[in-house]
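Going in written order, the chains are labelled A, B and C, and every chain counts its residues from 1.
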Amino acid sequence: MDATATAARPKPTASATLPAGDPKIVAKDVNVYYAEKHALKDVSLDIPERAVMAFIGPSGCGKSTFLRCINRMNDTIASCRVVGSIKIDEQDIYDPSLDVVQLRARVGMVFQKPNPFPKSIYENIAYGPRIHGLARSKAELDEIVEQALRKASLWNEVKDRLQDTGTGLSGGQQQRLCIARAIAVSPEVILMDEPCSALDPIATAKIEELIDELRQNFTIVIVTHSMQQAARVSQRTAFFHLGVIVETGPTERIFTSPNDKRTQDYITGRFG
Amino acid sequence: MAMTDHIVSSFDADLQTLGDKLAEMGGLCEKLVGESIEALLRRDIPLAKRVIEWDRSIDRLQHEIEENGILTIAKRAPVAIDLREVVAALRIANDLERIGDLAKNIAKRVVALEGQFQPPKLAGGVAHIADLTLAQLKEVLDAYTQRDERRAMEVWKRDGDIDALYNSLFRELLTYMMEDPRNIGFCAHLLFCAKNIERIGDHATNVAETVYYLVHGEAVTDERPKGDLASAAVSFD
Amino acid sequence: MTEMTAVSGLGHRVDADEARARVRKRYRAEARFKAYGIGAIAFAALFLVVLLADIVTKALPAFTTTHLVIEVPVTAESVDPDGSRQAASLARGDYLKPLREVYQGFFPEVSGRAPRRELNGLLSSGAADELRAEVMADPSLIGRTVKTRALVSDDADLYYKGVVTDVVEEQGEAVATPSATSGDVVVTTATPAFADDLAEIKSELSETARKRRFEVDRIRTLREGILSDKPSAELALREARGGGDATRITIAQNALAKIDSDSQSLQAQMETLAGEAADFEARFKDSGGAEKLDEKLPSRLLAINGGIVKITSLAADRVEGVTLTPLKSQDAAQPNAWKLLTYETPENSRRVNDQQIAWLETLKAKGVVETGLNWGFLTSGDSREAEQAGILGALVGSIFTMAVTLVICLPIGVGAAIYLEEFAPKNRWTDIIEININNLAAVPSIVYGLLGLAVFLNFFGMPRSSAVVGGFVLALLVLPTIIIASRAALKAVPPSIREAALGVGASHQQAVFHHTLPLAMPGIMTGTIIGMAHALGETAPLLLIGMVAFIVDVPTSFTSATTALPVQIYLWSDLPEVAFQAKTSAAILVLLFFLFVMNGLAIVLRKRFERRW
């Protein structure tokens, strides 16, 4: 908080909806380099458990880069180098002895453009549990698939056509399918990289509703370009700019009276 | 207020319109309150009648500001400072409209007082509280224009003085009414006028709280100093 | 086209006429382009149609073959030397002899070794193979009379198909009376029935004479040309003599001598031809009288009273000749009961002489000749005898070779592509490898043959001419194509699929094999089709590893000596027998069919794997 208060300054109101407890993900002094380009500078952040955290910021500010650090998807980019520590449940995920594949089962990801596998809906959901050995029989697998689809609010729409190909669904349904696919492996964290940017408003609304339900069981981190979406959906928001975190805080405060002028300029559309 | 402009310049234009209208309304309010007091002290009936007319402009302005404000919210979905600007404008317009009404009521009483005897001593008390209140109004409107929350908080604190003045004026008027029953009519009107002036002061304090919220983003939580004992039980001994 | 006045960006008004003219020009350009495209396709299609039509028409004779249906008494002495009725004994039996006996029984008048040999020459050397197969399968046939099919020789087969010569048949118009039933015969007719033929022969003579005259003129011109060089040669000799250089003198003398001898031989040729021409012209001018027929003229035969007479001299109302097959009687033959057969190709230009033709016609009249589909082509291996040659050996060899090629190059090629594309680090070494793979795709195929020879045959000592070596060599040939196509297919899979798989917690390997690879399958299949089709038709490398040998047996394993379809085609096209020409074209058709089947299979597989993403 700013230190310009006078003696008689009134007390601030507290944000009511942030859950108490230790943060799920703790990042300290994370720096990311793409070859020579320094993309993220000294990013330190706490991500609370069972809540939605939003990353906002202009294009190229590093929010997607940081998101992809959390499930080590940046490993697939040859020129990318990550320095610093990111701990999930106090376990350093960049520890060389950690199995990346297991990490990615604990930390699921939903991408900007819906990318279901070109297989049947059932196969899309069943693939993850199958390769991780989460089901011992076909009945168990069926159960997992149904639960995932129910949690993603897609079951009623597709229960009669589980063998149809996943790419035949509408955009919003495909994205919910991708969310169901991510849920099916029982992750603890779900990362969402602009999940609604390719969808129409109704589909977007359904996904936001879904996120609201999901946050009771999962930790969710969402990168979004839409200020309104971040304001509606998240409990904590981090504002990224030029590779640094400018401000973090409860969403309500960020969007009614942010501390940093840069944050205010960005969210009110004064950037320039 | 060294704000950079919005990328969408029409957003700035919208906010500018709101501000301009509010400024106009504030100026009109000040004038109205001043003229109504003037009419009261000089028993100027035509002036009072003009004041009653002018209140209509204030009402009109309030409607316009409300409309613009709602439209801005619908179109721009403002956040942070912009949201507080719009909300503040709506609230202040509301308060100014109430102030206008109160001034109009004072002017109506002036018309009703026509031909009645007025003890000269009483005018002094009313003039005093009126001056203070007018000064509060001017000060708080300046504070709003400058977005100066310290000046606004000064106004907020001085509301207690106005309440104290009102209490003493109330007792004085009671004394006059007890002294001479022929004074009761006139003093009763004067009581209402004094109450209206005190209410104007309260609304000015509302505006001060809004300015504080606008600048800080949080509402004032301390208890407003309330000195108005007259609303409590009155002991007639 | 509506009237439009366009306004250009600078606000100038554009003339409506100009606009219209531009639109028309654009339409014309588009129509031209379409025409070019259609023209190109039509051009290619035309060539394709012409090529296919040519091959099919050339191959048609190979689709049918001729057999004689004969009843042969199977005796134990000839077919079962041991008397044991076991396979070993039956295999050593002589089946041809009883067959020949029945066959020769059709022509009891034939005697003497030479005529007998000519008669037997009409049967294939493998004529008794079917009989042997039947008896060995069912030894209970011994002692009975078995109806069997005897393959005729390739020349007889060609005769029956009309390839040897064109035959013109004329029904006899008058009553014809032969003078004898065998030996020299004179047949007279009541009316001049042969007048037309006589005139024809005479005009043929005139035609032949004209050709001779033409030849004479050509040779004269040639001779004059050579003689015109003589003065300069004499000059050269004088100069050489003047110079005193012995070599030059000899050279000049030889040149002069050559000119002299050349002109003399040409002179001789001229005189011979001129003589023949004069002779023909004389005969042509003599419109009456009889014409002697010789082997240089088309043969004429008379089929009368169940026998055939070869005409040696023809007059308007009588012919003289010698019987090729005996007549049954000397009775007069009624009109339309006898025929005159003309064989357009002269006897000295064909391999089947008139006597053999007579026998073949007699067999046909007896009704023992059966023409049917040539299944033997597809069921027998190669042979020196054209009528017995089949494609089975080469077909099986090609199948084995292709199988080896596929089994080697598909896993290695796709595996290499996956590794290079997905798993290998991107550094200088992988760049060098990629460049080299691209280069290898362009190396001439014969180099792979040399490689196969040096490495597989000489160094590793693998069996020469086997499907294994052929498969290895072709696999090396095809590998770069498959690697390049597979890499392109893998690159084309959108990365979002891989990211999605990784995001769900699949390892890199799982993501590649479960998701990227199935999506890349259509492209990989296409690359495989191209590669395998390429390999199927490659001849040069196979020649170098020894598959050019003459292999009779159908290969039984991957290591037995074999040949392949393209090599077989090459070998057959080299052979002189006429029957092999049709077989070559038929083999080409089999190769093309094989190719279509392979392509069709790959397309079916590709469609099955194709998924839209």
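As a convention for this text, a residue touches a chain if its C-beta (ideal position, glycine included) is under 8 Å from a C-beta of that chain, and two chains touch if they have at least 3 such contacts.
All values reported here derive from a predicted model rather than from experimental measurement.
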- Core chain by centroid distance, with centroids computed from Cα atoms only: A
- Query: Of the other chains, whose C-alpha centre is the longest way from the centre of chain C?
  - Reply: B
- When centres are defined as mean Cα positions, the distance from chain A to chain B in whole Å is 50
- Task: Provide the C-alpha centroid distance between chain B and chain C, rounded to the nearest whole angstrom.
- Result: 115
- Item | Centroid distance [mean C-alpha coordinates] between chain C and chain A, Å | 72
- Set of chain C residues in contact with two or more other chains: none
- Message: Residue numbers of chain C touching chain A in their complex, please.
- Response: 426, 494, 496-497, 499-507, 510, 514-515, 519, 611-613
- Task: Spell out the part of chain A that touches chain C in their complex, as residue ranges.
- Result: 71, 73, 76, 78, 101-102, 104-105, 108-111, 113, 115-119, 127-128, 131-132, 165, 167, 178, 181-182, 185
- Item | For the chain A and chain B complex, residues of the former touching the latter | 8, 10-13, 227-228, 231, 253-258, 264-265, 267-272
- Within their complex, chain B touches chain A through residues 3-8, 11, 77-84, 153, 216-222
